[in-house]
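For reference, chains read A, B, C, D and E in written order, and residue numbers begin at 1 within each chain.
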Amino acid sequence: MPGSRDGTSGPALLEVREVTVRFAGLTALSEVSFTVAPGSVHAVIGPNGAGKSTCFNVLSGVYRAASGSVRFAGAELTALAPHRIAALGVARTFQNIALSGHQPVIDNLMLGRHRLTRAGFVSSGLRLPAARREWARHRERAAEIAEFAGLGGLLGTPVGLLPYGVRKRVELARALCMEPRLLLLDEPVAGMNAGERAEMAGLIAEVRRGLGISVLLVEHDMGMVMRLADRITVLDFGRRIADGTPGQVQDDPEVIRAYLGPSADQEDK
Amino acid sequence: MAATAPPADAGLTVSGLAVSYGAVPALRGVSLRVPPGAIVAVLGANGAGKSTLLRAISGTLRFHRGAIGGGTVRWAGTRLSGLAAPAVVARGVTQVPEGRRVFARMTVEENLRAGGLGGGRRSAAAREEVLGLFPVLAERAHQRAGLLSGGEQQMLAIGRALMARPSMLLLDEPTLGLAPMMAARIAETVKEINARGTSVLLIEQNVAPALSLASYAYVLEVGEVALEGPAAELAAGDEVRRRYLGMGDPADGRPLDGPAGRRAIGRWQG
Amino acid sequence: MITFLELLLNGISIGAVYALIALGFVVIFKATEVVNFAHASLLLAGGYLVARLQPVTGFWAALLVGVAAAAAVGALIEFLIIRRAGAGSHNVLAIVTIGVDIVLTTELTRQIGTEILALGDPWGDAVVHLGQVTVAETRLVALGAAATLITLFLLAFKYTGWGIAMRATAEDAETAALMGIRLGRVSLSAWAVAGALAAVAALFLCVFPTPGLDRGTSLAAIKAFPAAILGGLDSTTGALAGGLIVGVTEALMSGYQNQLAFLGRGIGDVAPFLVMVVILLLRPAGLFGTRETVRV
Amino acid sequence: SGKATGGEPATGGDGVKTGPGVSADAITLGILTDLTGPYASFGKSLTQAQQLYFEQANAAGGVCGRKLAGIVRDHGYDVQKAVAAYTEIAPKSAAVPQFIGSPMVTALKRRIEDDKMLTLPMAWATSLLGGQAVQVTGTTYDIDMINGVDFLAKDKGIRSGDKIGHLYFEGDYGASALNGSKYAAGKLGLTVVEQKIKATDQDMSAQVSAFKDAGVKAIMVSVGPRQAASLVGVAVAKGMDIPFVGSNSAYSPQLLGTPAAPALLESFYVMTAAAPMSAPIPAVQKLVADYRAKYPGQPVDSGVGAGYGAAMIVGDALKQACANKDLSRDGIVRAHRSQPSWDGGFGRPMDFSHVDQPASRASYVVVPDKTAVGGTVILKEAAVSDLARDYQVPVG
Amino acid sequence: MSDGRSRARRALVWAAGAAAAIAIPFYLEGFWLQTGLFAMSAAVGAIGIALLTGSTGQLSMGHAFFLAVGAYSYVYFADAPAAGVGASHAAAGLGLPTPLAAALAVLTAGVAGGLFSPIAGRLKGAYLGIATLALIFLGQHVLFNAEPLTGGYNGRAVPPMELFGLVFADTPSLVLFGVPFGSLERLWFLGLLLVLGAAAFARGVLRGRPGRTMNTIRDHEIAAGVMGVPVARYRAGVFVLSSMYGGLAGVMLALVFQRTVPDYFGVLLSLDYLAMIVIGGLGSVGGAVLGAVFVSVLPQLLTRYSDDLPLIAEPGSGGLSPAEAARILYGAAVVAVVLFLPGGLAGLLARLRAAAGARVTLLARAPRAPAPHSPTPSPSPDTRS
């Protein structure tokens, strides 16, 4: 039943049009627009509080936009609940890790497969063969993804016992388990050391290469952003101040003023 | 006992500290010293035990079901190990926790007041000082702290800790998740705080900025001090550069399509 | 019309008593995020002590001692149990308080035995006539007491160090400890305050128009649940509003029982719960409760 | 296994057929009471009085050469505990002289009838009538209320066209009582204004307002003592100068120690089938003296009389059964039902021969009295009103 | 190797347990059987609340309502259209075959839970707990007032279950191996089957996709939603499932009681269920069952042996009566378990087993969380937010 969903499985265009988000007395995003081309890595950068996570929250249905539209694969996302957006193949990780600490890694990953599986209360309760087969099949894929993310030996370990860096990889693996067409990564290397950063960067590149999906990336590690991203949107105080290729953005005086700072190169190293 | 424990009774002295969470050891015989007025950095990979070290100093291990198995922590001659967190604060040692942990449902203003509760006296002056350091907090005084951005929250967390007017500040990865400019600002602030006479024990993963701030640094590896020395020396030393500091940036050298040996991943055919 | 006004006033006045009880829930919830199901037994304890002491010491002294003793009982519960149950989830702690309630209520009802104890209050069965409407003097006092106490707590939570410490602890105990806040004291004081409030509420629950304290008294605390929750469990204003809404609903529905007979007789007791459900449907965190906004 | 031998009837050495609960030297009686729930005070008085009866009966040689023994089980007014307790004691009891709580008795009614266990519920709802084994003593709640309305009409000037209020509990008790007042009101051309409440209600202000608004000339009261006190207190404070007529269970002498006392003393009347403990009847006075001797300092309330009377009814049934040489349960029930005019000396005689009729239709009117034993004194001797005599009791 | 041995040991334990369970009705008197049946019914109900509170983090104080729905629906579906035994008022009934009636009753409880889903899906924690209190009061109001359906305050007689020609009642009488087999003896086996089935089903749910999802909703609601879980619908779904367990418990209870009475289905009953899952150990099926047994058997034990504990001899003596002692013990047990036995009885059992069992297996396994469902917060600071 799952598997190739005709026309709904490939990467697709994400179009964010004039999205505005307001919180009591504060405009977190104001008329932000950008487009993520299918199969590309698109970075959103900007100072703290610029509205990057807010943007992700709109894309994944956690927040509702006051106005504007987000279109993905022919659907209007702003009107949808989070689980409906997930069903379209939009997966994300969280800036502050959002895993179930008590559950082992495998269960956290299998949650990612929620949308691809069907076993409900009845079939699980009765342990129907169909439920078991489904579980086995998807577990295999989850294990494959775990292996890929370097979590091979940790499937049975409760997430709460893992170090921070590893948890971040569990987050990524869980998102991958959704077999997404669009992957939203909110600061995937925050709190990691250089080695782990490189490793994570490699993972992301490989995801894009192997799966051919679009990736939307929020990250403060400019080195990584510059290397990975095809295109960058820069936000500041909820407004888009630049949009272009890494090269263009890097030299944009506005971006340097607001975000990178004059000594960006040194700061990054 | 580690042979390197410097003899002194001023400043912070950790000697032979062993900590475990239930049966899991997290620190084994860690010794280090923060001289008064210094900034000392503790570096190390994820899970090396950096946060554990701070928890042991600040008396919050019990919130994580951890316990000190041996060794002592002394501050200005008095013993801190074994004290509860408020008692540690009362002796002038405050910690900014990892991940900021501002009181999300309280306003910025109230967060600052909460920070001043342990210290008690002169909180108005402390408040002036903090708002001087972080003017943005004054702007957002009546906003709920949970709704601040990451950087704003980090400033609040530091400002909140300063409200107790500590003579020793413990910082756990203050630049975690911050934009470069913001990280730089935080670094500046730490310097400024230190210049006003507060000793700082700084936990970082971002090695370069940490070493440029600190005068002395320790590298933790799986619960033990693997390396220590003046920050400048460490920053210059080859081994450190290679092993911990990610200088010469391995990411640059590595092909982006993944390290050799990792299985590639393909579309699911299920 | 007179009847309507009279019912309204009755409702408001009994609502004030519910508000006082609800305030006890709110204080503990704010400080510890625990719903204190043992509140009913604190109420019984406070009332019992006042009733027992009153013939010996006179009313005011008995009230003072009763309030202090109920505060002590609250503090003791915190010290012996809640503190030690430590890191449990809030659901578990709520269930623990059910256990405490069972123990305390059983013992207190055993002590009260078969008696109906008068509280010896100075107001007696005096009523005040406001035009053609009459209302018991005790209830006016209750209304005043509830309004005063609730305002007091509102201010205390917002502006005192105690209030800030309490809210900080509720949100994140570890970080509060890092601020130098003594968690034990905060939680202890919350329970003590709740105990004291329970004793005050017990007083107004057991004086005219009810005959006195008996083993059934604690059952009335159940009505404070809808009051506390429809106001918003973490809001002192909510406690007042919730108490009044419950009181008025109950009074009107009882008073107009005959006109509402199609809903089934005795709808007065059920109506507060109906109102609660409707309000929660519209506002899941109650009228004044803070809606949890999570940032991810 | 030990279970293989059931409680089949056997015949003892003295030629008396025996059944469960009856051995060669003892007769065991089950007492299912409430010592920890809402009726604890009532249950305590009942149980102590019954134990007094057993003691006295045993001192006088017992029944049928056997000593009477009670096994007491406290169900705390919880149906499940009552069912469990019944299941436990049923195999070893010959009869149940006390079973508190009509929900509990109702839940077990079928099993009681199947077991042929003579059971005296300490509840007076008509729903308990109709079975052979379950014997409601005295009047039912509705009869009391009919006699009460009759009293209002005869002595308190209530006339056709007037309105009377009725405050009653949700449940059996209230519904039975309401039935009675409505019947009587219908016959006398009165209108009943109903107010139903729950046992958890404490404050009757709203109800008083409603009654006042309706302009009632009297109020029938079928609730608990607390609520009765609140009702009367509020009504009097609001200047309602009307009589209140309560069911037996609406009054407790403890109320006289509360601020509600003056109002109660002024205008509260209680309908009861049993003579109050202050009644100048020798049997009652002896009971009071004996009870006080055995339980010094304990309140002497209506539970004492009710409990002692019920124990005596069972005792007499046993004596009768013994005379019939049949102490099987069936024999006990039949012996009991063969008494058309039982008289324990506590007031009016009772007729146990009709399963679908109350044992009596006569009610006393008593009034609160601070100094009297049991807190009430007789205002009017027990009498059957015409209304009550013709009343067709609903059964089951 | 050790795995095989432990499996053999488990098989042995199961066999011994089964033998004991089958033998019990032949030896124990009615009182114990009935106590056992109460415990079985409670176990089923407790499993339901464990799914809701333990695994999904939703507090419910309205469980008694669903027991009532189950019990009354069974009676309504099964009772003959004419009047019930001994009832003067003709209470309606559909006269369906009893097994069908039981199944429909469980479904009806589920539907009742579903009707509450606008609340059950949107509220959580204490708010839901108190909101569900409304069910109790509304429920009892209906039970008292909808007399044609419920029989009002008198309740209704429960028609005995009839399965494959076997009537679960005292008549017609049946004697097996010299033991008279009345309703309790017969129901014993039915109850046993139902408990086992209910427990097995719940385990399946918890170990499968729904269980995982429920735990995530408990731990991190937003993450669950973003992963594609319709959170509100799922919460409502668990609530429905838990209601159905309550319904089944109600049916079982009705069969044991042989009469439904509205008074029984009150707040105290709901609180008992919460106590059960805490005493047993939050979140596990085994814990719920253990807790149910503890809470239903303790008072009976105390009452039963009250004659040996010198308490009741003089009711006026002021001593602790068995009912009071039972209540105090039971309240204290709730407190004590949380203080001294994190993980409850089930956790204790597991620890005992671990202590007695092969140390080898422990070492061989990957590191495990101390107690998978113990209410310990996650050790990480970042799961907060």
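Convention: contacts are C-beta pairs under 8 Å (C-beta built on N, C-alpha and C of every residue); 3 or more make two chains touch, one makes a residue touch a chain.
Bear in mind that the values here come from a model prediction, so they are computed numbers and not experimental data.
Here the chain-to-chain distance from subunit B to subunit D, counted in touching steps, is 2. Path length between subunit A and subunit D in the touching-chain graph (shortest route): 2.
Interface comparison, C-E versus B-C: the pair with the greater number of contacting C-beta pairs is C-E. Chain centres here are Cα averages; for subunit D and subunit E they lie 36 Å apart.
Each chain gets one centre point, the mean of its Cα atoms, and the points for subunit A and subunit E are 42 Å apart.
Distance between subunit A and subunit B, defined via averaged C-alpha coordinates, is recorded as 28 Å. Inter-chain spacing, taken between the CA centroids of subunit B and subunit E, is 49 Å.
Residue positions 87, 106, 110, 172, 174, 222, 265-266, 269, 295-296 of subunit C are each in touch with at least two other chains. For subunit A, the set of residues that touch two or more other chains comprises 53, 62, 94-96, 98, 161, 164. Residue positions of subunit D with contacts to 2 or more other chains are 36, 44, 170. Contact residues on subunit B toward subunit C in their complex (touch as defined above): 58-60, 63, 65, 84-86, 89-90, 94-95, 97, 101, 103-106, 110, 113-115, 117-119, 144, 146-147, 160-161, 164.
Across the complex, subunit B is touched by residues 2-4, 23, 25-26, 45-50, 53, 95-96, 116, 137-138, 141, 144-145, 147-148, 150, 161, 163-166, 176, 179, 187, 190-199, 201-203, 205-207, 209-212, 220, 222-224, 227-228, 259-261, 263-264, 267-269 of subunit A. On the side of subunit D, the complex with subunit E involves touching residues 1-4, 6, 33, 35-36, 43-44, 47-48, 51, 71-76, 78-81, 83-85, 87-88, 90-91, 102-103, 106-111, 113-114, 127, 130-131, 170-172, 175, 295, 298, 394-396. The part of subunit E that touches subunit C in the complex is made up of residues 53, 57, 59, 118-119, 122-123, 125-127, 129-131, 133-134, 137-138, 141-142, 144-146, 221-223, 267, 271, 274-275, 278, 282, 320, 324, 327-328, 330-335, 338-339, 342, 375-377, 381, 384-385. In the complex of the two chains, the subunit C residues touching subunit B come out as 87, 161, 164-165, 167-168, 171-182, 290, 293, 295.
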